[in-house]
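Both complexes below contain subunit A, partnered by subunit B and then by subunit C.
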Partner chain A sequence: MYILGISCYYHDASAALLKDGVVVAAAEEERFTRKKHDTSFPLNAITYCLKSQRITMGQVDAVGFYEKPFLKFERLLGQHVQMFPKSLKTFVSAMPSWIHEKLHIRKSIKKLGYEGEVYFIEHHLAHAAASFLVSPFKKAAILTADGVGEWSTTTWGIGNEKEIQLLGEIRFPHSLGLLYSTITAYLGFTVNNAEYKVMGLASYGDMDKKTNSYYEKLKQVVDIKEDGSYTLDLKYFKYHYADRMPSQAMEKLLDGPTRKKETEVAQRHKDIAAALQLILEEAMTAMLKDLSKKTHYQNVVLGGGVALNSVYNGKILRNTPFKRVWIHPNPSDGGSSIGVALYIYHTILGKKREKQHQLSHAYLGPAFSTEEIQQFLDARGIRYSKFKNQQELIASTAKMIFDNKVVGWFQGKMEWGPRALGSRSILANPCNPQAKELLNEKVKHREHFRPFAPVVCADDALKYFDCDKPLPEITDFMLMVYPIKKEWHKKIPSVTHVDGSGRLQTISRKQNHLYYEVIKAFGKLSKIPILINTSFNIRGEPIVCTPADAYTCMMGTGIDCLVMGNFLIKRSDNEQDQWNSEHDAKD
Partner chain B sequence: MVTEAGKRVQEFYNKTPFPDYELERFKTKEDLRIAAYPFAEILDRSIPENASIIDVGTGTGQLSAFLSLRRKCVWGIDFSDGSLSKARKLKEQLKLKSWTLKKVDLLDTEQIEAIGRKFDYVLCMGVLHHTGYTHQGFENILRLLKPGGYIGVGLYNTYGRIPLQIRKFLAKTIFKNNNILNNTIKDWFIRMQIGNIEDKERARGWWSDQYLHPYETTHSVGEVLKWFKGNQIDFYQTVPSSTLFDDTSLETAGVWNTTSQKYPSFLARICKQIAWIWQTHQEGGYWITFGKKKI
Partner chain C sequence: MGIHKKKKGNVALFFVGTQEGIKSFGESIQTLVNTILLTIVYLGGVGTAWLMCKISGRTFFTGKPQQEAKTYWKPLDLKKKPIEEYRRQF
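Right after this comes the complex of A and B.
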């Protein structure tokens, strides 16, 4: 039985395919269209899902959409009527896409060649399902938080076997996600895209509630009750009736106008980011504590874009009574395509949850065979060499990284979700103090304050990081930031963030054998089995998908060589294709 | 039944097998998979893995070999020893156990009956228009189809083939005696149809098939719909589409998809076929009709 899940028209469009309840393929549309956060109907992603299973829509039994468009439209209309005439401008600009696309999902699905049942489920239910139904837990408390779905912005509930019950919600316009996005806009970063930069920036600010004056100021904006529910003071916001997010009152409160993109990031901005992070953590902790009290469950799963706040995720088990936590590798809207498909399979069709339904890895995207890669290389006249066997591949890759080369790593199936997890990664030596600067400037063309993430074999993690014990499964998805043990700070400077933390990814041999062995081989050379792992792209570009994307990206940046399948391609051997991607880097 | 046209065609294919390829190109099964045309890939996905398939007039067998990669029972039949011998070499080279090759003349009912079994899917791509007895051939191949089984028939379209016939006329008469110009034109015409022509045997094969073929006929949509009706075959769709304003995505819908098209009216057929003159000129007006045999 095949079930197709679709998510689109708001944040990241994506498609996912289940075969008898197991997620067999999933990908975001942006990887194929090469438009970052592409929201359009995910025809390419759907085609990929079908191709990967060698089927057509004729064999698909059910299709699901990740939210209820009419309910959302109702909210939108209500909101605009309420705020009339201030909302007129946004109303006029938003309407065409609703009339032409967003209300015609059924028609778009029919064009795929499908006439069967289409299920629409609530936005936050899809978030909850995406996390709970593939988690290792039979029972768990559920918390989802993001910008806004139909009406809900935050929901909590319980998952029990195949049933999901949402018990409470906070409704638009009160939204933690939108608060975070508003401050993101205030700090001069792109909304729905660069929230993670604000999280990274927060570490440079004053994380002490007593001394950071912006903490008290932002507290005037959000009123967090004891049970974690919260309300926003709407005079500081504009998003409910205009495109711009922070209002003049907010600018006044935060002592200055919205930062313009090209201007410098001042200490004030860093402190605001820190205060925002403090407030988010306070609200989340209060909600989780209350949820634990209400449900008495030991496990919790998180969903929605807020669950990408890895700095907070790393603190959940320390700050709340929960014993285990699980988060989907793609918890924001992109991941909801899996959520709706799972909800149909388990909850609507009533199929039992089994062990094989758990999501133990995120390698769900397209893969390319040795023959396909070679055909591409030959057709383009690219100079390359072939590794004799896997041992040689592992040993030479480790050696190149040890020699401070920046290596593009393109192997197997592409990752699902916003993080590169060892299929489409750029690898470098974390012991090299210049690595961070080199990668930020020459390779990724991004802001100097942005940290890089370490990848470590799961069996070595506790030696270097102050992690929760036992190690949560989701460190595999790079969803947790943990303190790096003090004695290692100076030895791996390039992955140690300014506050001594690192957003680690752990990897087991079972999950990704080649990647695991490369890290181990590097460990033998350097005595530290940790690598820098960053996504294979430049700033503002989707992660590479095909051999052609990878090659083009390498040739435009300071990546020295590309290990793609069994082949080694050196930048210096292919001077004819070199270009400078610096001007292409965007937010 | 051996016709005059049949003999000429058989001789022609013995000399110039089709679709020709250099055996070296397919060292592994993966090579064969990558080389599959986008449409062959869609066709492959449209047929379930456990179905049995027969490709009538398989020639050198590139399509049926590809379809056999993930199936247990795929047959390829042809009446040309020249083409079949190349197919057999490919079978041996790639060890394609589930691919059965047999010499059968599709116009000979006895030979068809001698196969002794029926299939879930019968494909006959670009074959019947070279037989001289297209309708008879069509009825013959239906003998191989199980009740409720699916059929795909590829033919040259009466309208769509007009541009190629003009090109053919130019190549064979106007540029015939001018060697330099002839080669350039030949090169250009073939590139138009199959893109790059690095595989010389493939290019030669295509040139012979499209420009030097001793016998071909062309057929309209209405004609094939009549055959379908007369033989209890439900019409599913044509590729390219013969319905007006059809925006179904072929890549996801596949063929034999009932949602994608409705039975084309007379007027729709005329309009679409006129459009095909331009739309299918690169493929030489090639089109395929898909249907299902009533139970």
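Right after this comes the complex of A and C.
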């Protein structure tokens, strides 16, 4: 039985395919269209999913959409009615896309040649299902938090075997996700894209509630009750009627206008980011403590974009009574395509959850065979060499990284979700104190304050990181930030953030044998089996998908070589300066 | 031969350019018409609904913290429903 899940028209459109309840393919549309956070109908992602199983739409048994479009439209109309006449501009700009496409999702699906049923589930139910139904838990408390779905912005509930029940909600316009996005906009970054930069920036600010004056100021914006439920004072916001997020009252409260993009990030901005992170953590901790009290469950799953806040995720088990936590590798809207497909399979159709339905890795995207890669290289006249065997590939890659080369790593199936997890990664030496600057300036062209993530084999993690014990499974998805043990700070400076933390990815041999062995081989050379792992892209671009994307990215940046399948392609061997990636890097 | 090719290129370029110009003009007209029509709908439809809501005292959301409230959670009972419910877009 094949079930196709679709999410689109807000941000991060995606498609996912289940075969007998097992996720066999999933990808975001942006990887194919090369438009970051592409919202459009995910035709390319659907085509990939079907092709991966060699089936047609006619062979799909059910299709699901990740929200109820008419309920969302009702919320939108309600917003415009309430905010009349201030919402005229957004009404005029938003309505055409609703009239022409967003309300015709069924028609768009039928156009693909599909004759069967299309199911629609509520947005937060899709988030809850995406996390709970592929988690290792039979029973768990559930918390979802994002910008907004139909009306809900935050929900809590319980998952029991194949059933999910959401029992409480906080409704639009009160939203932790939108609060975070508003401050992201205020700090001069792009909404629905750069929230993670604010999270990284927070570590440079004053994380002490008593001394950070912006903490008290931001507390005027949001009222948090003892149970973690919250409401926003809307006089500080404009997103419910305008196309910008912070109001003038917010600018006045935070002592200045919205920061202009690419201008200097002052200490004030860092303190505001820190205050925001403190408030988010306060609300989430209170909600989770209350959830534990209400449900008496030991396991919790999180869904929605707020669950990408890896700094907070790393504190959940220390700050709440929960014993285990699980988060989908793509907890934001993109991941909801898996959520709706799983909900159809298990909850609507009543199929039992089995061990094979758990999501143990995120390698669900397109892969390219040796023949396909060689065909591409030959067709383009690219100079390359071929590794004799895997041992040579592993040893050479580790040696190049040890020699402070920046290596593009393109292997196997592309990752699902926003993180590069060892299929489309850039790898570098974390012991090299210059690696961070080099990567930021010559490769990624991104802000100096942004940290790079370490990847470590799961069996070595506890030696270097102050992790929860036992190590939560979701460290495999780079969803947790943990303190790096003090004795290693100076030895791995390029992955040690200013506050001594690292957003680690753990990897086991079973998940990704080649990647695991390269890390181990590097460890033999450097005595520290940790690598820098950053996504294979430049700022503002989606992560590379095809060999052509990878080659183009390498040739326009400071990546020294590309290990693509069994092939080694050196930048120095090929025509230089194909394009100027620095010029193209954007937020 | 080269000159002939160039001439053909220029002619083709002229038609492509004209086509693009017409398309862009059409899109501008479409945007203008959309804006006028939607402004009328907004002022007439949304404005009337706003007036009715004002008279009846209906609001879609509140914008002020309520200090006296114990919680901001609203009850929700989202659980498994009959299959027909999932076929609906609302």
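Just so it is clear, the second predicted complex is superposed on the first by the 584 of 587 C-alpha atoms of A that agree within 3 Å, B and C clash if a C-alpha of one lies under 4 Å from a C-alpha of the other, contacts with A are read in each partner's own complex, and residues count from 1 in each chain.
Criterion: a residue touches a chain if its C-beta (ideal position, glycine included) is under 8 Å from a C-beta of that chain, and two chains touch if they have at least 3 such contacts.
Given the structure is predicted, the values throughout are model-derived calculations rather than measurements.
Asker: Please work out whether A:375 is in contact with subunit B alone, subunit C alone, both, or neither, and reply first, second, both or neither.
Answerer: first
Asker: What is the contact status of A:46 with respect to subunit B (first) and subunit C (second): first, second, both, or neither?
Answerer: Touch status of A:46: first partner only.
Asker: Identify the partner contact of A:115: answer first if only subunit B is touched, second if only subunit C is, both if each is, neither if none is.
Answerer: first
Asker: So, A:88: does it touch subunit B (first), subunit C (second), both, or neither?
Answerer: In the superposition, A:88 touches subunit C alone.
Asker: Name the contact category of A:168: first (subunit B only), second (subunit C only), both, or neither.
Answerer: Only subunit C is touched by A:168; subunit B is not.
Asker: Which partner does A:526 contact after superposing on A: first (subunit B), second (subunit C), both, neither?
Answerer: neither
Asker: Once the structures are superposed on A, label A:58 by its partner contacts, choosing first (subunit B), second (subunit C), both or neither.
Answerer: The answer is first: A:58 touches subunit B but not subunit C.
Asker: Residues of subunit A touched by subunit B versus by subunit C: which partner has the larger set?
Answerer: With both complexes superposed on chain A, more residues of subunit A are touched by C.
Asker: According to the stated criteria, A:182 is in contact with first (subunit B), second (subunit C), both, or neither; which is it?
Answerer: Neither partner.
Asker: Just to be sure I read the superposition right, which of the two partners does A:506 touch: subunit B = first, subunit C = second, or both, or neither?
Answerer: After superposition on chain A, A:506 lies in contact with neither partner.
Asker: Identify the overlap between the subunit B-contacting and the subunit C-contacting residues of subunit A.
Answerer: In subunit A, nothing is touched by subunit B and also by subunit C.
Asker: Provide the residue numbers of subunit B that touch subunit A in the complex, in ascending order.
Answerer: Subunit B residues touching subunit A: 28, 30-31, 34, 41-42, 44-46, 48-49, 70, 247-249, 251-254, 256-260.
Asker: Inside the complex, what are the residues of subunit A that reach subunit C?
Answerer: For subunit A paired with subunit C, touching residues are 68-71, 74-75, 77-82, 84-85, 87-88, 91-92, 95-96, 103, 105-106, 117-122, 124-125, 152, 155-157, 163-174, 223, 225, 227, 229-235, 240, 344, 347-348.
Asker: Within the complex, which stretch of subunit C touches subunit A?
Answerer: 34-35, 38-39, 41-43, 46-47, 49-50, 53, 59-67, 69-80, 83, 86-90
Asker: Per the contact definition, I'd like the list of subunit A residues that touch subunit B in the complex.
Answerer: Where subunit A meets subunit B, its residues are 43, 46-47, 50-51, 54-59, 110-115, 369-372, 375.
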